[in-house]
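Starting off with a structure, shown below.
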């Protein structure tokens, strides 16, 4: 038999298992503000301030009158809120050429973006579908060239494009710019659609062929209805990218058709005389409104667009 | 023995619709990408001024290019901006992703906050940061008004540090993207690794640094390539924030190309500069492509 | 004088002090384990454990005792809570209510690393960028165990698990079996008392699975540590376990030795879950009395040889279960207390045996015969079984009668 006194001594040091109420029970008590949480949320909040600061400054500056700006500092909220800078930015700011504000640029941007988005997505989706389901000789080679080409800096191809557009008579016109945007949007969008269509089960495609549908039939009746989310992602990528574009806008258009970004830069950086900072900031916000709206409205789909490798702007 | 003519015809006709539908892609790939690049490289060896002229002058354009202080400054700026941008974006992006990975509350709110700058144009970014860094009204003024009368913070007016002013803006805009890519990578890590590390008693920060980061090497490399191809193209930001100033101290290659090609009417220089930009990208991307696809073929 | 004060300040951080502390901890733990074992205190003890995710209850009021050196298997279908229970024991999940004890010591609020347990995961979770040696030593280094102690432990572990030649390889260069051994080694180097396994063989193909299964059993015989093992595969459970805990919907249905679970299932779920091919179930009526009888359509099964769990079982709807392997055919079948003539509907050759399907009391009924018996579809044969081997379950509750 075991050494009873020693056993008892040992047993007294072990919390009694049979006394079920003894000792800790249930979830471990954790302080709401543990050290880990403090560091975690603290860092996040500090970083959030860095990210939100410019937005705050933009809004606040655009709502102040010029005297208030000259007096105070950029972080102080407006004492007298005025929307005059906004009106001015939209309707009467001078862009060096004419003084009818950003409204002209806004409508230009709309006229540029909408056809570009439609055309580039139409081309790329059909392309991606062809690559995914209808393999033909050389298809992959051209696709690889496309992808490799997307790494080439735009500057290398700018002038040849000027020549091409000039030769077909579209240089400086809206359709010309639309074509340029479609060209440079092709690699990423084709990749996006191709990957998506490859992930659709082959059986659906074969079932369509068995039913007698051809290339376009399958595309419109089977593929398109199934790919609504990816179309939305493609639209998000393109709307944001094209609206925010500056380089193509300044090269391939005439001054009357400058997009909003180009006009914005002209208003702020090339105006002579007194700088109206509040108007500048209002103009900046106005230019950023459309992509911001797309961003806030699209939520998770925007992140998905990024995950597809979209780096625009 | 060549196939009979009716077979040859049907081979072309097969998948005709698909081929027709791919014409835009083929045209773009061949004419714009391949043809355009080739044209630029070829004409960079000519003495074109306002209009392209097929008068070969050997490497003269390149010699002049590298003798131009503006270009040398531009390349130097790109190198500094590129290196710092890369390092800080990767570091900050990873830190953000690691923080967001901690199952925090308000995750969606934080993500929205960190990512919204990415939705903005570089022009907008450049202009707003130009305003914030304005010495008379911006940060310098605010800190001075709080008491530190001799506080100086006007990077945009200081030729030596203007590149850092650009950097602050670029980080603000671009890190959200890096965070998303890193977060996706983090979420792909086997959960059991975390459990094993916790059981081994390894603290969280050490787990991230010594176990998770090495496991995420492919994600880091892909992100690096994406960031780099964006860095080489930096143009809008400079135009908006500093217009290349003060003087030429914040010049970048993309701006040099545009200015010489369209404003100074010196096509040859512009083409030579763009070819140099292409070479820079090749230097970075080719080793990566070899690593990525060479390994796949071997492994 | 000053020197000695400085020495006193530095000493707690010095290498010799660390070595001494580690040795002291190891000795204390060994003593704790010894005392617990000799006092009969279970190695792992779970009391009234409950876990809910929001309103969904994953585990409900679980009580479990795992004795020292025992190999306990948690068995059940997916979603029954077995992995969750294991993670709670490990400390990876916070429980909603209840307590967990290891060697008598309440660990409910302890971090996983302080519970003296080691765990082997389904994917093994070896650190991919590190060599095997570093995989083993990483945790120890983090805990500031002295280097020579680490070397000693790695050498001992490598010898026990026979992974000496693998120490400088990376996990990607190891085979499945080698990876499993390294995963076990990671727990072994930490000198743990209890080993936890979370479905380590589920990702493997059948052949590798049976090989590694034997290795685990061999390891348990060599080390004699307590092991808690989670699986959904009943063959693994039956071959490895000292005791099996069959779980369903967050509760333990039955806890017992394999032969108990197999031969004496306490409810219909356990009876149907264990055994391959699965048990046959016939629905019918129980007529109680001095000579109880089970009636189903034209069937009349005398139950005098059946051992009732519930002496006072009232009559009513019930289910009779009999395993295909306990059904005899032909002359043997006629000799059983209950026999019946049936027509063969389907014959499924399975290699060693053949599974024959017929209909009894209107339901599909299977029995096993030798492959050489040459049964043909359409043949009429007599089958029979001894009610002693059968199980009777209440139709409504599923509980064994």
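In this document, chain identifiers A, B and C correspond to the written order of the chains, with residue numbering beginning at 1 in each.
Everything below uses one rule, namely that contacts are C-beta pairs under 8 Å (C-beta built on N, C-alpha and C of every residue); 3 or more make two chains touch, one makes a residue touch a chain.
What you see is a predicted model, and the numbers here were worked out from it, not measured in a lab.
Need the most distant chain from chain B, centre defined as the mean of C-alpha atoms.
Centre of mass proxy via C-alpha means gives C as farthest from chain B.
Check A-B against A-C and say which one is joined by more contacting C-beta pairs.
A-B
List the centre-to-centre spacing of chain B and chain C in whole Å, with centres computed as mean CA coordinates.
Here chain B and chain C have centroids separated by 55 Å.
Taking each chain's centre as the mean position of its Cα atoms, how many Å separate chain A from chain B?
A distance of 15 Å separates the two centres.
Roughly how many whole angstrom separate the Cα centroids of chain A and chain C?
51
Quick check: what residues of chain A touch more than one other chain, meaning two or more?
In chain A, no residue touches at least two other chains, as defined above.
Considering chain B alone, which of its residues make contact with at least two other chains?
In chain B, no residue touches two or more other chains.
Under the definition above, what is the set of chain A residues touching chain C in their complex?
2, 7, 10-11, 14-15, 17, 20, 22-29
Under the touch definition given earlier, write down the residues of chain B that touch chain C in their complex.
190, 192-193, 195-203, 206, 210-211, 214-215
Along chain C, where are the residues that touch chain A in the complex?
Residues 31-32, 35-36, 38-39, 41-42, 45, 47-48, 94-99, 101, 103-106, 108-109 of chain C touch chain A in their complex.
If we count contacts the way the header does, which residues on chain A are in touch with chain B in the complex?
Contact set of chain A toward chain B: 40-41, 43-44, 47-48, 50-55, 57-58, 61, 69-70, 73-75, 123, 126-127, 129-131, 134-136, 139, 142-143, 145-146, 148-149, 151-161, 163-164, 182-183, 186, 190, 214-216, 240, 243-247, 251, 261, 264-265, 268-269, 277, 280-281, 284, 287-288, 291-292, 294-296, 302-303, 306-307, 309, 311, 313.
Show me the residue ranges of chain C that touch chain B in the complex, using the header's touch definition.
87, 90, 92, 111-114, 117-119, 121-130, 138-139, 142-143, 186, 190
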